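Everything on this sheet refers to the single structure shown next.
Read from first to last, the chains carry the letters A, B, C and D; within each, the first residue is number 1.
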Amino acid sequence: MYSKYCFTLQMQVRDYECDIEGIVNNANYLHYLEHTRHQFILKRGLSFASLHHQGIDVVVARVNIAYKNPLRSEDEFVSCLNFRKEGVKYVFEQDIYRLSDNKIVVKAQVDTVCIVDGKLTDCPELLNLLKE
Amino acid sequence: MYSKYCFTLQMQVRDYECDIEGIVNNANYLHYLEHTRHQFILKRGLSFASLHHQGIDVVVARVNIAYKNPLRSEDEFVSCLNFRKEGVKYVFEQDIYRLSDNKIVVKAQVDTVCIVDGKLTDCPELLNLLKE
Amino acid sequence: MYSKYCFTLQMQVRDYECDIEGIVNNANYLHYLEHTRHQFILKRGLSFASLHHQGIDVVVARVNIAYKNPLRSEDEFVSCLNFRKEGVKYVFEQDIYRLSDNKIVVKAQVDTVCIVDGKLTDCPELLNLLKE
Amino acid sequence: MYSKYCFTLQMQVRDYECDIEGIVNNANYLHYLEHTRHQFILKRGLSFASLHHQGIDVVVARVNIAYKNPLRSEDEFVSCLNFRKEGVKYVFEQDIYRLSDNKIVVKAQVDTVCIVDGKLTDCPELLNLLKE
């Protein structure tokens, strides 16, 4: 089921991420997605922090996220990722599944771009990730 | 400029909302958007918290957000909202502008739905807001 | 080194927890401490969420935290906990160590109390944890 | 009542700051306290962000916070601050009051120190604030 993704990360809900309705607050899924992207490129030997120190800022240009089923206190989940280039954008397809029943939690597409000296540019370091 | 929106809210970046790159973290804009929606319906005499206690959960079903220009430490901004019904969904068009230069910061569409007893349903309380 | 604690939890910094100075924001350590307490009592078969649904709210009454060394992006750390009763309070001694060099990160004491129907009370469920 | 403080800031709870128990999560008060300190020194013409860019990091060394009464959804509150020097430390006495009934919410002492090139040092810029 997870074999169609190039990277997966298992995580668990922390209680402070839930709001009054007892479910994870909608903004916190963007934190999960970001942490998954960062762990993915870290595993490939890169880091957004070190790219930043080299003057390359990889920034989020667009997020399109559909909330399908909520996560609650104590839920474990699997955060999955695929990755492709589309013109100047690096596009991350990111899905999260609840571990207990394998139900889809969120389906998201996250478009990122590279900025050097305030200008949109290409980033050979990220491009290399695609070849692996 | 802001007259085309049915609700606007002025806010200011808090330093803890910024990340290593010195700009507001992408997830925190969803917090800004949520707070704006809640303040909007509060001004109309409703509250998501009290709807929740009546058994009506208004939940976010989809967010489509484009990041245009970043906010930084100390920036003030105006968070603007329009509101319409589309089938079973309540659709919020939400734009944020940087106050210093009126540049667009994010453009977002947030689709919400009402859940009662675990089922998608209509919510007359929200519907009434449209008539005002 | 960690054997003097009754519970330890290994975690890793997530980039969104860091602020402009490149270090984990001071408030986020309270999130780490809370998650550690919740995982500790979960391992003992209890949960703050289920206690809440039974009408027992375990709330934080005081936190005294000393920040010794900062955590940064990608740092792994060990969050350690001891637990005792002191009058009506349940006192958690909580220390966090950086994994790379075993340096102390924060030293904290967190006092919690049990509230039932708005009144300070004792909580036999928590008391039982002490006997194990 | 607030005249004994050298700075006050009125704020309002945002729903995403509340957790499952319906009250503001304990860590978020540290966000309120930080934002109050930053607005205070900003009003005096300084900023922690610009000090950071000059190589002066003002970091939190200790927080001692007592939680007296909880804040809930929609609550407005007044965040108050006094400020003194104690040896090498800059000590902020910070109290938060609920606006509806003037009840104390939290009482906190936050000790900060200045770090230049990794070393504890004095910070004439902060010292000047005391003379005003």
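Definition applied: a residue touches a chain if its C-beta (ideal position, glycine included) is under 8 Å from a C-beta of that chain, and two chains touch if they have at least 3 such contacts.
If you're wondering where the values come from, they're calculated on a predicted model, not measured in any experiment.
Visitor: When the contacting C-beta pairs are counted for A-C and for A-B, which pair yields the higher total?
Guide: Answer by contact count: A-B.
Visitor: Please identify which chain has its centre, taken as the mean of its CA atoms, farthest from the centre of subunit D.
Guide: Result for max centroid distance from subunit D is chain A.
Visitor: Which whole number of Å gives the spacing of the CA centres of subunit A and subunit D?
Guide: Centres of subunit A and subunit D (C-alpha means) sit 33 Å apart.
Visitor: Please tell me the distance, in whole Å, between the geometric centres of subunit A and subunit C computed from their C-alpha atoms.
Guide: The answer is 28 Å.
Visitor: Just curious, how far off is subunit B from subunit A if you go by their C-alpha centres, in Å?
Guide: Comparing mean C-alpha positions, subunit B is 22 Å from subunit A.
Visitor: Touching at least two other chains at once: which residues of subunit A meet that condition?
Guide: In subunit A, residues 15-16, 20, 22, 25, 27, 31, 34, 49, 73 touch at least two other chains, as defined above.
Visitor: Within their complex, state which residues of subunit C touch subunit D.
Guide: Within the complex, subunit C contacts subunit D at residues 20-21, 23, 25-28, 30-31, 34, 49, 52, 57, 59-67, 70.
Visitor: Which stretch or stretches of subunit B touch subunit D in the complex?
Guide: On the subunit B side, the touching residues are 14-16, 22, 31, 34-35, 38, 42, 47-49, 73-74.
Visitor: Can you check the complex and tell me which residues of subunit B touch subunit C?
Guide: My answer: residues 15-16, 18-20, 22, 25, 27, 73.
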